[in-house]
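The same chain A turns up in both complexes below, where it pairs with chain B and then with chain C.
So, the complex of A and B:
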């Protein structure tokens, strides 16, 4: 998702761009994610990342309209706020503490997230009954969602429409650098360019190392469930439950540290389904039609890395979880940074040097 | 449009009758609802949720979800996965079903 968004932005700006993509059977966070454009959970410990996520959410409406304009693909973007449902008093108290911490961290910017009551929540959803187990929610007006598969398709289509070149089944084995030119050695031969952007998800670490950038990525599995299509009842998304533009209810938000395994497991599926039915009891008789696992691309602090190599100028790393949320800002500001050198404010906060001890 | 390849057992005593949009279809007990309905030349068997386009069974093996129909009052059923039973009432699936009525809420107290 990172690579496609940046490549789309570059190609739109008239930069001659070649996108080298992996195989269908690679781990692909971009094809299995939940589709949230989400701000309220982002940037704990790194305020620049919280601001960055909110800035991307703000850019999203214009970005979505442009994609549809160029490609004809409607990507079902919504930006009317989003909620994290809280089940039980303990979850409410825990969330209150997190909100207080984030409010303090964000200072004058403000965190823009508040706890609302059962009755407040129910008022957002007149067409479906809220479960008694729901004791509150945290509501953030900047949150929203999108159809992530249509988004990916639209970015690829917009990239090619704007003159970009795309190669699939073209895993990059290693990179050479000589005389200011980078050469990617791939399964389909060599490709050279004065600049190279590494946005290779789980395949990034060894490539980044070869151009002098540390990109420590770890895998975390999330599982997702989807139901049959039903009449629309969720006008805004929740972090573990949303309804797609086509009517399917999607459930998720599990976190498992079990390596590069994108399978599924019954216990996790049961927990996710149980929470969904406690949130909205009417869903208990709705049929599940599919579930899948997908492996998140996480940095140590779950915030993005954007960095140009000092030892190999012209080589860039751009990677993170949250490829959907950040698609708009990656297509706009990150591609501009790479094309023109113009850095967004305080961009050095995203350097991977923050993971090193005593980085100041 | 569709014809049965195996005619040997068509008229034996094991036949069952189902009703598609109230019209009777005589079929074999081993037929799926989708197969039986296709034999009656139904035109279309559902309308899609988003564009309301007419559709009919396609893959006949549980994958494509094109065969969704209302079977005995239960909507969104994959008709290719459901064996016929005598007297079944089958209707076209028109877009998305409404949410089920409030069912029993699990007790959390």
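So, the complex of A and C:
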């Protein structure tokens, strides 16, 4: 998602860009994600990231329209707000504390998120009955969603349509740097350019090292369930529940630290299904079609890294697990930064150096 | 509740029945799970009912069908815990199995698993194959076995493979109105495989029966056309005609039902989902699990037996089931390796005539419809994705089946690619100019059969002993 969005932005700006991609069976977070354009849970501890996510959400409508315009692919973007459903008083209390913390952190910018009641929530969803277990929700007007598979496809096709070159089955083994030129050594030969952007998800760390950037990334598995298609009933997305434009209900927000295993497990599936049925009891007769695991690309503080190498100028790292949310801003501002050197405000907040602060 | 057993056998066709029956003799606790209401699998479907109540149907289906009654009876008489109506939707490498019966999900844990999930008919993606009134020859035979029903109106059978001929003959005998059998197999397919004849002589019974079927179809007055190409089903909302070309002749038949068949392929949904390694079998252009001489896959706890391991027919399936059972008994310390090997020897020699014929059959009946010619032909029925959409995506650089799946939704529907997986791989290989073995296959995710959210939510993992 990161690579495709930035490459799309670069080729739209007329920069001669080559996108190197790996194999069909590589770990691909971009093929397994949930599709939320999400603001309310982003940036705890790094306000610049909360602002960055909100700014991307704001750019999203224009970005979605442009993608559809030039590729003909409708990506089902919605931006009418989103909720995190809360089951039981304990979850409501916990969320209230988080909201208070985020409000304090965000200061004058404000943290647009409020707790709403069972009746408020039900009013958003006239076509499906809310379960009694739902005691509240946190609502944020900036949240939304998109069909992530259509998004990826549209960015690829927009990239190619704008003159970008795409090479698949082309894993980069290592990178050389000489006389201001970077050379990516791949199984399909060598490719050289004055600038190189590393957005290879879990493949970043060892490549980043060779251009003098330490990008500490860890895997975290999330499992997702998708049902058969049913009538549209969720006009806005929920954290962990959304209905795709095709009609399938998608569930999942699990977090497991078990390495690079992108499989699934029955206990987690049951938890997710159980929460789904408690939230919307009438879904209990709906059939699950597929259940997958996907490995998130997480930095230590779960916020993005954007950094140009000091030792190897022209080499960049860009990564975060919020590839969908940040697709718009990556396509617009990040590609501009790489093409022209024009830095967004306070961009140094996203440097990986924040993970190497000396203990005092 | 999680039941536990030494051995879980999945599928009650010839391989599963034979495996469960023999393994139970070696004091293994066995759970036999099967999707159907009664034992027999596809080949001996509804055998118990038909042998006792439907003598006419049994006469049509013949001695080879009636043979299955003894297999079912032996298994019924054993200590096997048999659960009919059990749809298995998830298998784990540690021996875990999740399945549903009557709308309730259950889990079980086996020390070993034998997968005997049989074969599927290969998709036949010709223009019009998704029209109502077009079905597979195997499906027509299923209707005959399970409810003594015949396809309606005027029928053409088209395609290749022994089953196309068999079903044609059975339907003629049952009184169906068959207009013609259109075979894609050419005369030269027989000649060019002649060098495989000597090796196949041990299985000459199969050849004799094949020739007898052909004579019987001709004797009934139903014409057989060979080397048929450009096959196409036409109709407006319902099939009304089938067209093709045989030699120089254009063929058109006005019909109500078209039965298609292009051979069978291993049902690898379960072995793919659990993560077994697979290999490409080029003569019949299908994937099969990699396995040792007992059927054990790259996952040590999981053995495959029968057509799911590679197509070798019902009789071989039975022997393969027995070999898998012996190996399970040995690995679970009920017999030693020497006893296993000596018990296996007569089974392997009895099996020989049934496997000897395969290279010849595989050569003669090589699949005809692997890559749709036109761009408009539907490849993925669930999501209605056409061959053209797939070709376009591949031409834009999409590297493999899983990227195709996420870009086009092909293979994303409830059938999980069962009906399109092979066609997609063939199309990618064709456009990229690489062998299918390099292209790979869809990553299969559970559930391999749909299960409701309510069933999942109500699962109980506490353990019991069966």
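One rule holds in what follows: the second predicted complex is superposed on the first by the 358 of 360 C-alpha atoms of A that agree within 3 Å, B and C clash if a C-alpha of one lies under 4 Å from a C-alpha of the other, contacts with A are read in each partner's own complex, and residues count from 1 in each chain.
One rule holds for everything that comes next: a residue touches a chain if its C-beta (ideal position, glycine included) is under 8 Å from a C-beta of that chain, and two chains touch if they have at least 3 such contacts.
The model shown is predicted, which means the values in this text are computed figures rather than measured ones.
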Practice task
Record, for the superposition on chain A, whether partners chain B and chain C clash or fit.
Solution key: clash
Problem - Dominant contact partner of chain A by residue count, chain C or chain B - result: C
Exercise for the section: Could you tell me if A:355 is touching chain B, chain C, both of them or neither one (first, second, both, neither)? Expected result: neither
Practice task
Mind working out whether A:128 is in touch with chain B, chain C, both or neither, as first, second, both or neither?
Solution key: first
Practice task
Quick one: classify A:277 as touching chain B (first), chain C (second), both or neither.
Solution key: both
Exercise for the section: Check whether A:266 is in contact with chain B, with chain C, with both or with neither, and answer first, second, both or neither. Expected result: second
Problem - Contacts of A:347 with chain B and chain C, given as first, second, both or neither - result: neither
Handout entry: Which superposed partner A:287 touches (first chain B, second chain C, both, neither)
Key = both
Exercise for the section: Scan A:247 for contacts with chain B and chain C and give back first, second, both or neither. Expected result: first
Exercise for the section: Go through the superposed model and pick first if A:157 touches only chain B, second if only chain C, both, or neither. Expected result: second
Practice task
Could you look at A:191 and tell me whether it touches chain B, chain C, both or neither (first, second, both, neither)?
Solution key: neither
Exercise for the section: From the options 6-14, 114-122 or 168-176, pick the one stretch of chain C whose C-alpha atoms clash with chain B. Expected result: 168-176
Fill in the blank from the handout: Residue overlap on chain A between the chain B interface and the chain C interface 228, 246, 277, 284-287, 289
Handout entry: chain B-touching residues of chain A, taken from the complex the two chains share
Key = 127-129, 131-133, 228-231, 233, 245-247, 277-278, 281-282, 284-287, 289
Exercise for the section: Using the touch definition up top, name the residues of chain B that touch chain A in the complex. Expected result: 49-50, 65, 76, 96-106, 108
Problem - Interface residues, chain A side, partner chain C - complex - result: 21, 23-25, 31, 149, 152-153, 156-157, 160, 166-169, 225, 227-228, 246, 263-264, 266-267, 269-270, 273-274, 276-277, 283-292
Fill in the blank from the handout: Seen from chain C, its contact residues with chain A in the complex are 90, 92, 96, 98, 107, 275, 396-403, 406-407, 409, 412-414, 416, 440, 443, 445-447, 450-454, 456-457, 459, 461
